[in-house]
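Note that subunit A is present in both complexes that follow, paired respectively with subunit B and with subunit C.
Then we have the complex of A and B:
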């Protein structure tokens, strides 16, 4: 500011022009800043912003004056400024366009995903995402010879070849495709599960269309359909990390992960047991690297294993508790202990932990709960629980009580069938029913409702198989006591008020067609992909046939007419399927193509403590409000 | 020698109860067990445990209405188990057991005064208090409040089939507290006039529910319905490791329902004398450990048994 008068005095005659130009120049210099009218600035009270603006204008005026002094005319300056402005404008437009493009891409992506995910549960990992992740990692783990990380991403030639073959849609090719990956993968890895994995891998990969994009750092074997799930940067990042650390993964863990992912091992206690057994093997095989100690490095090493386990399904509360315990045990090891001794100690401790926290706890629970069950009573249970099965068998066989058990079951897993079968085989009176007939069940003179648990939270909420809350609430309404049998290992520090914030999503496809023959098999997701594949191939084949032979088409239509006459209107509804010679299709078969339809298959729900009368643990019978007390008093041990 | 042979736990227990009218059942049970250890003079730890176990079982079986008695036996058993390994020397261990057993008894007697001290805040001027059944803890609390010049009135239920209501009525009159006696079936009639309800307890279950003189449950439900606070005044040694869901689960000396033909009218009216009040009807428990919510009972029991 102080210089301006000096400047002005030097070029006094040119000042007005320069001043007039100032706002324009200022605008060009800073397109983002709003141009303040120069005249107003003096009249109004000067705010900080205006002051700045004024300074800028003055500077611009000075610059213009300087330029003029060096021989550039006002017109030239104006032209220059204009050109500058235009250039800026263009740049801005370009930017906006780019941004728009990006947004569109994003939206498209979101749209794509939205069809597969309910917005309410969008924060939870879907089965598709899990499957994709697992495929990427699993393939890297199980065919270490064949796979390599290239600049373009991880290449797994085994299945890539299968993919290239998949482009031709003929039935003859189908057979060869199925065998190729299976054989070569089996060669590549010695792990027992490879065949299974390769099978499902092949099944999934075959589903994909002919072009496969390679997401940098991500395996190319991921089929097109699943690739969408991998668009989230966090997911890709985490997979990358996993792939970097893949050499740390113990084969036992990878096979366990696979077994968990295909629901071969289910139930929070069996999962925990399997994990502890696997850890025993991992620890036995563990070698401490040079320059570090076991107590420091083993925890880290186990973390890699746990990272992989998490990919199969979210860790159960029991697993989480066991892992916390194990890590603490490791940290307590004296660094001076020789490795082999420490390892032996740890393995023994794990065995003891499993025995104490699960087996002996179950015995105590059964003993305790048996006091509650009177001779001649009717008991309602839901789903399948090992401790409840044992409890009922103990009461009928050892204590010779006469019980009637109502096993309530639900779609899509039909877990209760297992329990009903076991009980019936052992001579217990069993009534098997679905949750839809709950009202009738509770009018049958029920004495108790016994429930299993996945976990009990710190606020006394019961986190268990979806449908449990419904049963507890219905029972409470009729004043029937609700008892929960639960090992204290299942107590969780977590507090949760609704079943949305944390839950597990199962495959929505499970809910679509009812497969009465083998509900358990469907869980593995093997059959469904294969079926889908066969169907797809068949459709294409028919289509090709139609295109190639118009004559044959006529004949087909004739056939179609005949069928129509026979089956009248019912057949008409599914005429398309009929025309292709397919069996009757389900209404929801193509739900994935319906943009407005979401299918949610959640695994767990929450039952508030006021619906639970008693929680039976190895510490005795407690009200649900005592869960935090147990957690507090036994923090070290549980 | 003859003394040890003739020792009968039940008789000892009854004698203690008879000698001291201030003594509650769990305390008498502990006293009896302490006496048993002193008289029988067992020589090994295992012998002590077996001795106490069998004696406790005899006692529980021979005495009808054994809930609070069981609490006493449980506490003593727990005490013995925890202290047995404390001393290497067996003689001193035994000495310690007996001494501390007696200390425990004297301390338990003092707990009623403590309850009165804590509970006095719950009584204020112009209160009308409904009391069901005769409980020493409630009586001492009311007497303490009257001694502190709090002016309140009491309604006492008759508490059939025992005549405990009459007993309390006389006690309160003696203390100069305005009191009236009503029949049990009139509770619904007067519940709107009442400010709060006080009852004692035979035993407090793990859930925080209370086992008490029959009729407590009905009173509690009426109080709950009328939104009147329902307080249970009890010593903490009556906390018992039981978890009944309903009265069916209680150890009863008689069948709850007896449809067989009975001739005399006296036996016709004599049903069970205790019932179970679930925790949701209880506002708070006034104990020597302080004022507890029903859910805190389980916490205290867990602390008592597992630390």
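Then we have the complex of A and C:
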């Protein structure tokens, strides 16, 4: 008995001629093999594996016995087992296929992806997503009213074709022309989303056909520009909601949104001021619908505006605080007050709020901070801050202190340039440098580091422009005092421990060109199209010359060639000179094609409280640990 | 032997000398205009030049040869004081030569036996050499003992030209094979799925090391690359692209985001331009010292990779002398002419030894505090300052 396993293995090892017999032998042997040790179990200790196998076999035997008892023969059992096995096999195959499909889909998605996410920041919304949303909404909002009537005829067939996912015969030739390029360009992966979106558009158009309120142009814009960016159903959903509510959005808000999105308005205070001003206009133009009161409906109306503002960039803490205050104010309005009076009241209150919380607060901060600054000292700042600019100007011009200011700046926004030029124009000694030269800056005999803030969190961390933390750390290591000027409006209830968990992602493409312009300047760069045109014209000319060349005799040709070489060399040189411009090719122009290459452009970082010596607010100077105290004590006034 | 005689010697010689003069001048011009960059290239070109210089050089005694090489080294160093590898390799060759002389002296004195008192004194001198670390020798002026080597009458059998040229060949071989040695050690220092940060994208050693770790050791890791704006951004982008093409997860970050991301970084890798005797180093990318400071603050290990030829026997008493600054056009390309600003544009950076945890060289890993020993293995105290007109 105990020799059978050996025999079995021997038979299995035999030559292929014996292969036909071998399985049988193996079959015979295999049940015997585990049984063999069972025979002399008393003598030999069983390994765990063997024990398990034994148990399994026992169970199988029992099952078989049961089945036999219930009237199923052994053959039937075998057939059943065979069927089961086949089924399993099929399932496995199916699974493999599905997996393959999924992988393929993933790969396709990756290929189509316009937005790339790093594993580090995959939880944050990318600029591409924001931009996609904005584009969708913007096209809906900004479409000229005149086109609506003509577009209404075109709309339905386009949507219909998108719905069926294929080209639909329409009587209108124009419509079919419109659909063809779209269908050919639409990938399978993106099609689902497109169709989804088109469906929602169709719903809108169907719902509002009696009002002839169709969103013209949207259907033709969205699939082309956005099919790549729109992949998450949530995003599509949010766009749908926004589109449904688009009638509520005030034009002032939409223009503000775009100004924010292109970094035309930057800095938490300017953003907040711009928003408050816009809200004043919104409230002035607001009409309470019938059946509700202003105090109930206005909050709701405003939240639609805020929804759109959020699409541009995540709301700054100042904006959040101001909105919270405004909503509270609205809820406090007595429902019996007449609308126009309530509106006037609110507008005044907003104006007062801005004045009290920002302008007067700044004055107090400047007064307070001026006491800290000694005559003849050197101050380091980072980026651009309105309060700090005012503070330095106040000290040099009103208090006649002699100051040397080092403005440290960083890519890609170059905000410090603005501050440096403002100060320089007012006669302050300014040294302008980039964050890479930080080491030298601190070897220059710096007396203070003054920092602006985006926000100070409840646990004392300073949330500010990326790079601030590095400066604060370097200063602290060299025992240079770090002071933060910050209005109490910037105090936040939030707590956060590191810069990765919550942050704002800016456009990675801003880092691709290697030049000294901020994205804002780059976009406003006029004449790019003209340059492009001139370049293209030149190229066609050269080509034409080439084609004409063979006609002449050889010598002429040679001359021509020489001339051409010179020309092209000159052109090269000029294009080299243009290299500072936008169309020059950069190393990373096609970075999105490289799957493992990523660019992360985060806007903020967190400075731990131990690097900050003092926070100067309108309530006085305090350590960062006192931020929650201020928040609690002055909650009523904030 | 005073160096004043050397120009006269050179003039007396034939065309070969003038030819070599031309190529030296060309090389000096190139150094001055920074037309060659990268310590690797500079080191190799210096060695090639030195080889040609040697084959053209004429001398009566070895000490003349040493003086000539020192003179050349001095000229090259003066041409670009921050091209350290230039001086380093010349000092290495001088050390080889001096070792050979020593050997030769010992042999000849052994042959002469105790016949001459001079021979006896040199033996005593050479015996005293290993005691360099004793307190007494620290106060001693370097170069005194070698003075006594000068023995015009002693006829040496060794062909010093051959020795030096062989030394140059060996050094070239060493420099060319440096990456292998470094990679062997460095690969053991990173683990799978680690996030690395490198602020020196222009370093070829770092690039080769990362690619090798990916391909040979088959580790998967993420590399963060800082941009080093404004002087190094293009290098950084190219570096990142190359890494990404080798299937390494690469993320480009602006220089300002270093602190924000440092908490996620497992190790910081830096390439160096030169390593001083105190363990500090000059790196050819601005902002590295801040990055290393951040790393220190987060207790993230920093390891520097450096070939042996990058070790310099100099001490950075005055760091400003060794750090290079660039023009303002890279920081403020457009300036209002009425309101001019001052700008600082650092090109290279000095990282103090306390912010570096370990140096990986091709002969092993060393703490910054130990670097001086490695350096003195390869250089002679006498040759630290080539501009001294002693010997």
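In the analysis below, the second predicted complex is superposed on the first by the 376 of 638 C-alpha atoms of A that agree within 3 Å, B and C clash if a C-alpha of one lies under 4 Å from a C-alpha of the other, contacts with A are read in each partner's own complex, and residues count from 1 in each chain.
To be clear about the criterion, a residue touches a chain if its C-beta (ideal position, glycine included) is under 8 Å from a C-beta of that chain, and two chains touch if they have at least 3 such contacts.
None of these values were measured; they are calculated from a predicted model.
When the two complexes are overlaid on their common chain A, residue A:132 makes contact with neither subunit B nor subunit C. The partner of subunit A that touches more of its residues, comparing subunit B with subunit C, is C. Contacts of A:499 after superposition: subunit C is touched, whereas subunit B is not reached. Once the two complexes are overlaid on the shared chain, A:440 sits against subunit C while remaining clear of subunit B. In the overlay built on the shared chain, the residue A:315 is in contact with neither subunit B nor subunit C. Contact with neither subunit B nor subunit C is seen for A:388 once the two complexes are overlaid on the shared chain. In the superposed model, A:261 makes contact with neither subunit B nor subunit C.
When the shared chain is aligned, subunit B comes close enough to touch A:629, but subunit C does not. In the overlay built on the shared chain, the residue A:619 is in contact with subunit B alone; subunit C does not reach it.
Residues of subunit B that touch subunit A in their complex: 206-208, 241, 243, 245-246, 248-249, 279, 295, 298-299, 302-303, 306-307. Interface residues of subunit A facing subunit B in the complex, by the touch rule stated above, are 372, 374, 481, 613-614, 619-623, 625-626, 629-630, 633-634.
Within the complex, the subunit C residues that touch subunit A are 222, 227-230, 233-234, 237-238, 240-241, 243-245, 247-261, 263-264, 286-287, 289-290, 293-294, 297, 323, 330-333, 336, 339-346, 349-350. Those residues of subunit A that touch subunit C in the complex are listed here as 118-120, 410-412, 417, 420-421, 424-425, 429-441, 465-467, 469-470, 473-474, 477, 498-500, 503, 511-512, 514, 516, 580, 586-588, 591, 594-602, 604-606.
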